[in-house]
Structures are given as structure tokens and as C-alpha cells.
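Each chain carries a letter (A, B and C) given by its place in the written order, and its residues are counted from 1.
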């Protein structure tokens, strides 16, 4: 009988396996052992090696658990927060309002006193902007008590890059990057005439559009007016905002954007630039490492996004890349802080930066960075980020703005239309 | 594209070939064969072009797995001149595949067996047995398929913590069995509904109870559907990842997909190793499908109906 | 009380009991929780929630244009999948069901797209549809149709159809396998007997295969609707919902509300709204299925 064979052949061995599937008890946070949850797949080995060394040096046991990708990690941390099962050290991925919510529900320890102890020895070693990402100051919009709530372990910022070989090919000076928007367009025309593809960025990920647009908003109207727009005091239909939006129309008119970049994820955009299929890119400092892996022979330079107006400084997004928070309810708060102090001390930061080619958060451990990475590090002072502003824009308005930019880039809407749409939504949100 | 040269034809209608066919019949046979050949030609041309589209990503994946990080997106040829076979070794060792493979095997087997047992029993009851609340229960059970519950991960986690199932194999298996039930019940009920009733009636007259009829008559007849279910669920569990991240903590309990994560950093993806890892990971699932497709197509004509 | 009858009913319930236990634990309880959250304004983290009644639903129904755009987009892909993908799956299943050479090869190969990792699918199709170096553009210009070349996934006219093509390519294997299993359940004797009687292939198909296959057709069509309306992975690895809102789908909107703007309660209400719509559509399909089976 075939049926007998079918079920006995498949089911019996499987049932036997079922018996093997035993249970295992969970060990939660225990006193004396530090449990750390992280999401950084590419830094897992380096972190593990450092943790092992710390255990050897101090006797404090560190247990690392990796949950990736970051979406899965964020879900896990949120779920654990609801069940009071957060580990001793964890990261809060998301916007500053998310961090604020973790803090106000009593999950995150305030590190201000640890930071300022010994004349602020710990605090001083960090890039100012790195710490600013995790700092809440007086009068912040989320009503969080003043303090420092996270330890940055690396920093990033986002700038523009250009391909020196392609510059040479078009007869441009590969050591002279455009500094102003007009120079940028002029260079591009020359590149275009030589048949070289233009500018690429992962603008399918709308936050990168937001970042680019914000850089120019700060340049065109200055920080105060941008924030006043968020406050609802300046409308998006203001000529300055139209000016910012018009840049994207100019990009479209000049055919500056590599075909398809408007829906590209950043990893694809990185492949494009790394393989010499774009003269310019807009990307974060992590790209140095990405490009090196994909094309070791790529000659590229770093430039600030070319400024439109001279009297306001060009600002770029940057700050802490990854940060760790200490669980306020853990029995190991002090031990956790000690471990993080050790992890962000110069020798460990040098090691971590070397193993992963990221910019260290500790500004005393820059050491000998490769020139492109040094170019990123040197602009840390020009950085800003929504997490450092006293208030942020409503996320649905931001989304409408970014999506509107995509519409401009594909020629579906004009800057004025987008500005009107966004302003309408902004009013609606304010009414609620 | 290669066109099939060795077309074979199905046996012509078994009208009993006469020893000396008349000319009319011969003409008819030629015309018939011609039509058959043309039909076969188009059938094969169609199937082959679809097959080519299915094979292309597979071939691309394998060829990419033999390249290096710097050639994978610059050299787009499918034939690799200097294949890096060691990528497979690195993928296996760096991804800790040995251990994860074993775990995934356990999870997949348990979920598949669980879904088939529980879903088939329920489907049989919904199809053949009469009891109060039958329709409403059926709709309730299969509605899980229709209502995606986005924020349910928090509720699920709270529940698992309460049941002490966090970081246990069981805590990872049970929700997945539940996840496979709706499709399983729906699919099997459709197939049970189609089965002829006579056989079961005969068995009942022979003195089989409900459970025996289900196990010895209905289940064997539903073999194709059971095989389909096994294949679908195995694939779902094999590729499951997010639930594992939520429920499990110990590395020693993690499934195979965790190994693939090693190659996907937040910034850098090691594409050749990732491709090699994916290639390794789909072998078992294709093997299972290959073994099962015999049962998907060896349906009731071969077995029970002729009894 | 009739004891044997009670015992009979009891044993019947034993058949469905395990399913009900699992369902209650892992579906019903989380679902009730989501239902509860949907009437709150909650960010998914805080210990405080604000009760807003049906406010979230009102916003979703009347003020969230992007949500309805996403429903429309998913609807377009679903209609395409219902027609093109299922017809393709049926034709292939009918061919492979025959005694045709290489049928084992085809059976395995047609199931490859569902098996292939979403990562590979995303990478390959991004390459096919790429604007500057895409295979499709290359093929078009080789065929002298270069003027139609474009960045397929960034062009508002083609982005959604590009998504639909990828989805249907990835999905037809499921339908193929179910239909194949369904065809096997049709007694061969029936079609062979009419073939001997000189019936045309079309006659056999329309008078024997289709009526017997109707329940399976409905099964596949319901699964197609559910699977396609919940399309998500492909979007994330190709267009991320862009350009503009042209490829946004319900699940991307739910996730955007949940993590993008930390409106957890609102995301739950979108999920429930979406579930109700899917449930209604499926119920109509099941009614139709019952009705059509009574006709034949």
C-alpha cells in the first residue's frame, strides 16, 4: 500500500525529531553579568573580542546578543520594554521622539552625572555633536528631564562625493571640487558633454531626500527660519522653501540624476557610484568602507554639498552613528556605565574604528585615518541633525515633503504645487 | 533559446491500430500527428521560456556566489572566469551554518508535521462531520490568513513571556504551526470536499470509527494536497526570520536565516558570501520539493480509486 | 440526553480542538490586543496611552489619502495577478499534467521563484529594470525599440506594472503547484474516455476539467487576492513605495505609521480596516464558490 509508506516514511522520522526539540529556560538580566543587545552585524566580531578582553581584565561577564536587521532589533526592544525584559545595555533605534518615549517611561538611565564626573573627563573625549544626539536640554519638545541618555560609539555625517577619474576624463581638475551650486552645475554640464552619468543617491529611501533638502534649507534660510516653519510660523509656500524645492526641479531639468535614482535604495546607489557609473554621490561616511570593498581602485573625493548662498553656512546631517543606552531598571547600572566608559576609551575606540572602518565617537582616537575618512571627520563641526534640534517636524508632513520632492524629480509636480500640498497638510495637522 | 528537438508525443487514441490501415486512416494519422507536433512544439516553447526566466536568477545567484565583492557588480557575465569556490566554505563557516542547519531542520519538521496533523483533522471535520458552530468556526480559523495583524508582535511577545516560552524551541514552533493552520485547513478542506464519499461510507460500514476513516481513507486520498501543504509550510518556516529574532536569544537556538544575516551588515553587504549562503540554504528546500512533487502528481488515479 | 450522540459530538470537537487552542492563544489574543490598541493614541513605547475612540478609524477613512492610494495600487496588482498570473499558472499546470517530456524538470523549475530568496529576486529584477544598464532596456534597443527604454521602476507610468510583473513572476509557482495537485484529483478515466469518444480538447477542458476544478480555482483565486493585497517584500527591495506614492501598498503604509511616524495605535487601526476589507472580499469569493458549485 503506497499510503502506508508515504506516512511512515515521512512522519515517523519527523516525529522523532519533534522529540528532540526540547525546551530551554531563559536567563534574564542577572546581577553581576551584563547583557547587551546590539544590531550591528558587521561589528559583532569586534565587539565580542572587546567584551572578552574586558571580562579578562575586570572579571565582569559581558554577554552580547545580536538581533538584526535593525527593524527586527527595534521590534524586539519595543516588545521587551512592554514586558520589562530589557537587557542591561541596548540601543534605541528611531527618531528622538522614540528615545524620549523610552526615557519618560523610565527605561533609560540618565548618564549626565557619570559624564560630568572628574571635571567631565568622559564627556570631553566625545565629539560634541555625537553627544548632542543623545542629549535633551531644557525646554525640549518631549518634556524629557535634562540629561545625557546615550553613549555614542561612533559618528557619521553625510556629504557629497565625486569621482576623480571621471572628472579627469571630462577635462576637469580632479583636485578641485565645486564649492558653489553654480560651479556644480557648470561642472556637470562639462561632464554631461563628455557622456558621463551624473549624480546618484539612494533617494528611494526618503530620509536621504529629506537630508539633502534640509542641507539647502539651512543654507537658504538659516536654522531659525527652518525651525519656525516647523513651529508653523513660516509657511512652506515661502519663497525660500520654493527655492529649495526648485533645486530638485533644476536637477531634473539638467538631467543630473542617474536614471532610476529616484526610487533607488542606497545600497544600489552605492554600487552605481563604486563602479564609476556616476560622477557624484550623496552618501554617509560609511561609504568609504563600502566603496573600498566594491572597487578598491575607485578614486574619489569628498565635498560639502555645494552652497547656494554665501551668507549662511552649509550644514550637513551628522552626529552619533550608533549609541548604547543603559537600562535604568537593571541591577547593573553602574557596572554597565563602567563597561561603556571602557568601550569608549581611546584604545578600544581605535580598535573598533580600525576593525570596522567607522569614525570613532572619541575625538582623541582619530589616529591615522585614510584621507577620505579624515575629510568626513574634519566636517563634524558642520553637522546638525533633527535629533539635536529643539523641535522636529511632524513626521507625516516630512513624508509628504519628501514624497513631493520625488514627484518634482519625475516631473509630476511643480515646486509650487508641492509647497502648497505640504502647507495644506501642515495646517490640517496643526488643527488636530 | 534551445528548442526541443526530441519531442515525443503522447500515445494517439487507443482505437486499436488495424494491421493494415486504410489510406484514409493514414492521412488522418498524419494530420493528427502534425497537429500534435505543433501543439507540443508550442507547449514546449512556452514552458521553456518560462523555465528560462525561472532559472535565470538561480544561475545569476550561483555565478555571483563565485565572484568577489569587487567583481560582482562590475563583471556582469554569468560565466565566471576565476571562480572562487572558497566562498562556499567561508559562507558555511562564518555563517555557523552547521548548527543553524540542524535547528532549522528541527523547526521545519516540527511545524510541517504539526500543521499537517492539526490542519487535516480540522479540515476533515469541517468537510465531513456535522457539529454546531461549524461554519462560524471555519470562518474564524481561516480569517487569520486574511487579517494581517501588524502590531501583534508586542502582544505575542507578552504572551510568550507569560507562558515562559521566550527563548525556547517550543515558543518558536507553536506560533508558526498556528500560522500555517489557516492555509492548511482551507486547502485540505477544498480537497476533502472533492473526494468521493463512497469510499468513506464503505469504510464506515466495515466498522471504522470517525478517526479511522480520517486516517485510513481520507488522508491517503488527500496525499497530493498534503504534499503541497508540506512544501508550502516547509518553505515558510525555512525562510522565517523575524519571529526567530523576537522569540529566541541564544545563538544555539537560531535558525538558518540568522547565518545569512552575518553577511548583511547595516552598511556593508558581502554579496558573494551572501549569495553562496543563500545557494546553500535553498538546497534542502528544493530537495524536499523534488521528493514531494512525486506525491503531488501521483494522485488518486494511481492509488485508491482503483481499489 | 442522548449519550451516544453527545459522545459523537464530543469526538467531533476533538478533531478541531487542537486548531482552536492554537488559534485562541496565538491569533485571537494578539488580535484582541491589536483591537484594543486601535482605539488609543500610542507610540508603541510609552507607558501612557490616550483613548481616542474611533478617531484613528476616522482619520484612516476620511483623511489619509495615501492609505487609499495604497489600497488602489494593491488592487491594481491584485487584478493583474488574478488574471495574468493565474491563467499562466493554469496553462502551465495543464501542460505539465500531461505525459510530456521533461515534465519533472518543469515541475521543479516552475517552483523556483517562490523558493528563491527575496534578496536575489530584488537584485536581479532591479538589474533587469535598471534605467542605465538594465537588461530590459538593452533588449529593447537590440530590437530597435530603444525609444521605449526607461528607468522602469522610477517612471510613474510603469513602476506599478513593474512591481506587478515581479510579483506575478514570483507568485505563479504557488498557484501552479496547487492547480497541479487539483488536476491530479480528477480521475484520468473521465478525460481519457471522452478522448476515445472523439471529444475535442476544448470540450474536455470546459466540460470536465473546469467543473471539477472550480473549487480549486476559487481556492487559488482567494489565496491570490490575499497574497497580493499583502504584497510587501518586493516593494521594499525595489521602489520603497516611490516614486511619490505610485507603488505604496497597504502594508508599507501600516509600517510607515508604526515605525516611520511612531503611531502604533493608528497602525493597528489601519491593520483592522485592511483585515475587514480582505475578509469581506474573501467572503464574497467563498459565496461565489458555493453558488457556482451548486450550479454544476
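Simple rule for what comes next: a residue touches a chain if its C-beta (ideal position, glycine included) is under 8 Å from a C-beta of that chain, and two chains touch if they have at least 3 such contacts.
Since this is a predicted model, take the numbers as computed values, not measurements.
> In terms of CA centroid distance, which chain is the most far removed from subunit C?
Chain centre farthest from subunit C's centre: A.
> Which two chains does the highest number of contacting C-beta pairs join?
Summing C-beta contacts for every pairing gives the maximum at B-C.
> Among all chains, which one's averaged Cα position is nearest the averaged Cα position of every protein chain shown?
It is chain C that sits nearest the middle.
> Find the geometric centre of each of subunit B and subunit C from their Cα atoms only, then give the gap between the two centres in Å, rounded to an integer.
Taking the mean C-alpha position of each chain, the two centres sit 16 Å apart.
> Using mean C-alpha positions as chain centres, tell me how far subunit A is from subunit B in Å, no decimals.
Computed value for the inter-centroid distance: 39 Å.
> Can you check how far apart subunit A and subunit C are, centre to centre, with Cα atoms defining each centre and the answer in Å?
Here the centre of subunit C sits 34 Å away from the centre of subunit A.
> Tell me, which residues of subunit C touch at least two other chains?
44
> Provide the list of subunit B residues touching at least two other chains, using ranges where the numbers run on.
Where subunit B meets two or more other chains at a single residue, that happens at 154, 158, 264, 298.
> Send over the residues of subunit A in touch with two or more other chains.
If we look for residues of subunit A contacting two or more partner chains, we find 71, 78.
> Would you mind writing out the residues of subunit B in touch with subunit C in their complex?
By the definition above, subunit B touches subunit C via 4, 6-8, 10-11, 13-15, 40, 43-44, 46-47, 50-51, 53-58, 60-61, 76, 117-119, 121-122, 124-126, 129-132, 137, 139-141, 143-152, 154-156, 158-159, 174-175, 177-179, 181, 183, 185-187, 190-191, 193-195, 209-211, 214, 224-225, 227-228, 231-232, 235, 239, 260, 264, 274-275, 278, 281-282, 285-286, 289-290, 293, 296-301, 305.
> Would you tell me which residues of subunit A are touching subunit B in their complex?
2-3, 6-7, 10-11, 14-15, 17-18, 20-26, 39-44, 65-73, 75-76, 78-80, 82-83, 85, 267, 271, 274-275, 286, 289-290, 293-296
> Sort out for me which residues of subunit B touch subunit A in the complex.
69-70, 72-74, 105-107, 109-110, 112-114, 153-154, 157-158, 161, 164, 166-170, 173, 216, 219-220, 223, 230, 241-242, 245-246, 249-251, 253, 261-262, 264-270, 295, 298, 302-304
> Where on subunit C is subunit B touching in the complex?
Spelled out, the residues of subunit C in touch with subunit B are 9, 11-13, 15-16, 18-20, 22-23, 25-27, 29-31, 33-34, 37, 44, 88, 91-92, 95-102, 104-117, 119-121, 124, 127, 169, 173-174, 177-178, 180-182, 184-185, 187-189, 195-196, 198, 212, 215-216, 218-219, 222-223, 226, 230, 251, 254-255, 258, 264, 267-268, 270-272, 274-276, 278-279, 282-283.
> In the complex formed with subunit C, which residues of subunit A make contact?
71, 74, 78, 81, 94-95, 97-98, 101-102, 104-106, 197, 203-206, 258-265, 268, 277, 395-396, 399, 403-404, 406-407, 409-410, 412, 428
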